[in-house]
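One structure below.
Labels run A, B, C, D and E following the written order; every chain starts at residue 1.
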Amino acid sequence: GCSSNAPEQANKAAQPGKKVIQIACVSTIDPIVGWLQEGMAPLGYDVQTVMFDANQLPATALKDGNVDGLITNHLPWIQTFNKENNCDLQMPKPYTYYSRTAVYSLKHKTIDAIPQNALIAVPGDPSNMDRSLLTLRDMGLLTLGEKKGNFYTILDIKDNPKNIKIIETDITQTIRSINDVDAVITGANRVKLAGFDPNSFLYDDQTNPNYPIGLVVNAKDMDAQWVKDAMKVTQSDEFRNKFNKHFNGTYVLYNN
Amino acid sequence: MFGNEFWVELLKYFDKIIGPAIFSTIRMVTATMIIASILGFGLAILLTLYGPQGLRPREKIYKVLDFIVNSIRSFPALILIVAISPITRMVVGTTIGEKAAILPLTLAATPFIARLIEDSFKEVDKQLIEAARSFGASDMQIIFRVMVKEAIPSLISITTLTAITYLAASTMAGAVGAGGLGAVALNYGYQSFNNTILYTSVFILFIMVQIIQGIGTWLYKKIV
Amino acid sequence: MFGNEFWVELLKYFDKIIGPAIFSTIRMVTATMIIASILGFGLAILLTLYGPQGLRPREKIYKVLDFIVNSIRSFPALILIVAISPITRMVVGTTIGEKAAILPLTLAATPFIARLIEDSFKEVDKQLIEAARSFGASDMQIIFRVMVKEAIPSLISITTLTAITYLAASTMAGAVGAGGLGAVALNYGYQSFNNTILYTSVFILFIMVQIIQGIGTWLYKKIV
Amino acid sequence: MWQLTLFDDFSVVAMFSYGTGGENLIQIKGLTKSFGDSQVLKGVDINIPPGMIYGLVGRSGAGKSTLLRCINGLETYEEGNLLVEGVDVKSLSGKAARELRKEIGMIFQQFSLLTRLSVYENIALPLKCWKYSNSYIDNKVKELLEMIGIPDKIHAKPKELSGGQKQRVAIARALAMNPKILLCDEATSALDPKTAKSITSLLNQINQDLGITIVVVTHQMSVLRSVCEEIAILENGKLEVSGPVEEIFLKQPQALKNLIGQKDLVLLHEGINIKILLSHEISCQPVITRMARELSIDFMILGGEMESYQKHTLGSIIINIPSEHFNKVKEYFIKNHVMWEIVQSNEQSSAEVDDHCLAMNFG
Amino acid sequence: MWQLTLFDDFSVVAMFSYGTGGENLIQIKGLTKSFGDSQVLKGVDINIPPGMIYGLVGRSGAGKSTLLRCINGLETYEEGNLLVEGVDVKSLSGKAARELRKEIGMIFQQFSLLTRLSVYENIALPLKCWKYSNSYIDNKVKELLEMIGIPDKIHAKPKELSGGQKQRVAIARALAMNPKILLCDEATSALDPKTAKSITSLLNQINQDLGITIVVVTHQMSVLRSVCEEIAILENGKLEVSGPVEEIFLKQPQALKNLIGQKDLVLLHEGINIKILLSHEISCQPVITRMARELSIDFMILGGEMESYQKHTLGSIIINIPSEHFNKVKEYFIKNHVMWEIVQSNEQSSAEVDDHCLAMNFG
């Protein structure tokens, strides 16, 4: 677990004048790390991006001290990860943003129009699956039973009056399935990248703000100077302007 | 060691998730292997006919085929899926689900098999080909009645190897909502921090690998 | 057709992202191929020695080796990465980056190569092995001086095939933050809906495949 | 050493009988063939009329196999013509080449059996390729298996066969299509004398029954003598001699001597060693005893060869006469039209010679 | 047809001379070997003293190759013993087996050359395996290449060689290690007579110079006669006859006749055909002419065989005498201790017979 690596990592963090900061991320978040890098450079930091595919390996790398921080996963997932791996990754406040997830359809204009036996594509990874199921519940399309594990799964579906068929796809693939399904549930940013209008959604997930995303570090680094400096950068106007201009509402900054 | 609850949960997963995934995997790998073997074999025949040391060398045709084979082989799996999605939609009517997964899997497996078969045909003793020519066998007869026959052990090995490779590769079918054991292992196992599912799926994959290898070895022994 | 802007953008990406990815890919595939070839060759020797029709049949040893090979081959790539991450950490000191990617790539490629080499060794004319025995060659000499020599064209084909397969498979290095062309194509191209990057990366991969195949074909022709 | 007139005679005969060849089945003219830099066939001329059994001999590496392979178009050539049934083999391709080859059976020097097919399947292969009915194939293959004497090996794979058995399967395969022309590249080299004899008499028989033309490459002089009507001797890619087999064996041109080498005869140092050629006329008379009685001298028969050719028995005999009788003997020979020559003991034989008898010889 | 006493005599001789064998290099006793259900060797006993050239003959499929392969342990056997230098081959394994094989060179019937290696590399292979120095290897290989007469093919691949050239490379490879025992499985079958002769005299020479023991499997009787001291005839996996080569050829046991088949002699229908065996004593005298003159009769010499063996020349001769003189001739034979037998024309020869002369025969 992380404990065995702790001393080594502590040494690393304690080094005075440490300038190189490695931040893990995935492709969609790469620009954010870029702005962080630009913002921190004048403060004497060399922020480096370590790009991962989407899965839990960035978090593993962080817990093992192979990177200094990550910006990828939302807070609830990080908490689950901590629980499962018996470690302590933390997201210092203020949180940076949340990703808007919504339901998109090219075929149907309203929720009611979703027909019997509809196909709905969702990202297949458990965290997004969990969120999607909750969204579908909130839309009134199905009801869920009791959550048994960390995440809701299709096994937890209780009533499914429209007999909706959930298609589990790779998160990168979800939006690309839109022509072949009745609706997709996916991040607005990916919708924008795919060339669709991210704001013409069928249903907007109300719980989006419950999934904050921001810099995640090991607990023992919470007080490190570089973390404090990083937080300052993420709150700077320059950062926020670039952010809003780029994501245009698909990622939403918290207004703390 | 494992409580009652464990078994109930596993059973439920088995019934709803792992069970269907097994069949889905079997269907996809079987379909991929059948189609890719046929196409790969056909492609291998063309490569063998027109190759520089082939039965009927035609540099231009060979170069085109070679180019196609190499092109397909240079795509990372997921990108191949995307790249051919217009074709996928044309052929199977959708870009998601098992059927849509079979096309890119087949497309990836075909040049792989074709190259392996071409390589094994190249190893057939030239004297036997000459002997067949001496009694007037046509190029096709030389391929089917001499090269195929002589290369049968190789062909069995190739099929075994490819089946195992694409059993593992069928994981990528999960990307287009086709399910399968690989996707279950990833999503319900690894990413859900559920080791039971993870190990169960991998174990079943392992059993499948063993079965494929077992059949391959048995056939090989029987024939050689 | 392509405006000035396009080239400026491409140049930027090339400098910062694609360029380093090319070298990263070359380093990873080269390292993987070197290590996996050596290990796979060693494994193939053991399989050839102890196999049921081998030089010195030992059922039990063969079964164990066969089991290991099959086990490794039954893992989906990502799960293999995770499963061996403790070993990866032990060996290379980290679980991320190029070095950490080489280990699982190597581990996947090793049994793949081993099987292919084993299969090609099996095809070596038994009479030649007997001839070597007749002048007192040891089992190792039979492998190195007869089987390897006779199978050289096959070995070249196998190496070519594996290099191309694992060039494409090196995409999975992206999972551990190791970069490489596949990851760039996936992350900066595909996921970011940036077709310039996507096609450029795939094109470079294609060029690399062509180069590998070209070298393989050239060597094959030279030797046969 | 040969009487010159005799030898010249022979060349003339050869020129006249084989120089034309309008109705020859196989006509080879000025054929050259190279592998890389080395010219393997250097302008070969051969004509083989239909229905003939033609022998092709020469030392190892002379180009015999290459020439055979040119005949059915397995090998191309650079210059010259090679007509089979009047058609240039080189010009044929695709279907036409296949149709030609259908008519030409070939027994390969290295057998070339398919390793994964059983004996049955190997023999059936040409028939299958030409789409004969299964029942025909079955009968034919079984008949051929009987003929080559290994019906019990019907389902064996080549690796389970002995060398000679493999060769017999190769022979059966070549005969399966009832070819019009049969090319045999050392078809009996791996066979014991009796089996070889049964194969050669089979060749003789199908030649007579079906009139097929056979080209035989062999190193076994007995095969040559017992099946071939005419032979050609290749030396280093050049045709040195060709003509009727008996004539060539009788007259022993240098090319033949190069091929066979010196017979290890233990000649006597005393007296004169004389070789008598047993031509047609001579060989029906008791020449030896008659001469002995007429001239009232004894002489030793040192050795000889008497071989059955396809139609005749011919040979030579070497006798040793006391020097003082040489003139008498010579006169006798001339009077009786006997061909003869003096044999000098050239190479000293390495054989040890017994004490009590200087040489072991014919009575 | 043979006089019984003679034949029995021979068997006794065979038993006595080869039944013991204390200092035999190769001792085979009751060897049996099966492939699946079929027993290929059925209790074979052979003893080969050191320094001997031993011939192994038999019809195709008799088990000769299998027996050879048992000798150097390439094939195991079920029952019996096979001792080489007193050690049971079967009991050896690993290093010991390899050391034994190092001493035993083998020329394979199918050559078994490595297809990817050049001629040079093929010949050098055994030496490389036994880690000889490069300069030694280089000299040795070049020397062997000279010997087999293809120094120009040094870098050729086997597929660029003619059949005979391949066989010569196989011979060179077997000789590369200077083996103590050489097993030759039809080592000259693909060679022209002259090359074959040079190989056999080479075998003779190394046998004499180095005292190596050679086991020769061959179908060429001339090879057998010119190199072997003793031979064994295998028939269907059983050892039928063994003994000194001259004795066996002189006495022609049934097994030999089965192997060689009937010589196609054109016997005369009139008169009596008699075969005279030319033993040691007889063959140094002018028997034929002396008899003709003494008995004042003419007779035809129909044919005969006179062959050089390793050390002697032996043979037989067939004559035709008028029936009325038979008794006279018989008496003459008895008086002069000549071995003889009457030859019946058994199989009708298919050869066509000329009009003007009933049969072509020796003078």
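By definition in this document, contacts are C-beta pairs under 8 Å (C-beta built on N, C-alpha and C of every residue); 3 or more make two chains touch, one makes a residue touch a chain.
Please read these numbers as outputs of a predicted model, since none were measured by experiment.
Asker: Which is the least count of steps on a path of touching chains running from subunit B to subunit D?
Answerer: The least step count works out to 1.
Asker: Give me the set of chains touching subunit A intersected with the set touching subunit B.
Answerer: Both subunit A and subunit B are touched by C, going by the contact rule given at the top.
Asker: Count of steps on the shortest touching-chain route from subunit B to subunit E?
Answerer: The least step count works out to 2.
Asker: What's the distance between the Cα centroids of subunit D and subunit E, rounded to whole Å?
Answerer: Going by mean C-alpha positions, subunit D sits 22 Å from subunit E.
Asker: Need the CA-centroid distance for the pair subunit A / subunit D, whole Å please.
Answerer: 89
Asker: Please report how many Å separate the Cα centroid of subunit B from that of subunit C, as a whole number.
Answerer: Averaging C-alpha atoms per chain gives centres 18 Å apart.
Asker: Can you list the subunit E residues in contact with two or more other chains?
Answerer: If we look for residues of subunit E contacting two or more partner chains, we find 110.
Asker: Would you please write down the residue numbers of subunit A that are in contact with two or more other chains?
Answerer: 55, 172
Asker: Among the residues of subunit C, pick out those that touch two or more other chains and give their numbers.
Answerer: 78, 82, 153, 186, 190 - these are the residues of subunit C that touch more than one other chain.
Asker: I'd like to see which chains touch which, written out pair by pair.
Answerer: Every pair of chains meeting the touch criterion: A-B, A-C, B-C, B-D, C-E, D-E.
Asker: In their complex, what parts of subunit C are in touch with subunit A?
Answerer: Answer in residue numbers: 78, 81-82, 85, 89, 94-97, 174-177, 179, 183, 186-188, 190-193.
Asker: Inside the complex, what are the residues of subunit A that reach subunit C?
Answerer: Contacts found on subunit A: 24, 26-28, 30, 50-53, 55, 57-58, 60-61, 64, 66-67, 172, 190, 193-195.
Asker: Touching subunit C in the complex: which residues of subunit B?
Answerer: So the residues of subunit B in touch with subunit C come to 52-53, 66, 70-71, 73-79, 82-83, 112, 115-116, 119, 122-123, 153-154, 157-158, 161, 164-165, 167-168, 171, 182, 185-186, 189-190, 198, 202, 205-206, 208-210, 213, 221, 224.
Asker: In their shared complex, at which residues does subunit D touch subunit E?
Answerer: Going through subunit D, the ones touching subunit E are 35, 57-62, 64-66, 109-110, 150, 160-165, 167-168, 185-186, 189-198, 201, 204, 219-221, 226, 258-261, 263-266, 276, 278, 280-290, 292-293, 296-304, 306, 308, 310-315, 317, 349-352, 354, 356-363.
Asker: Can you tell me which positions in subunit A touch subunit B when the two form their complex?
Answerer: 55-56, 80-81, 84, 119, 121, 124-127, 129, 148-151, 153-155, 167-170, 172-173, 176-177, 179-181
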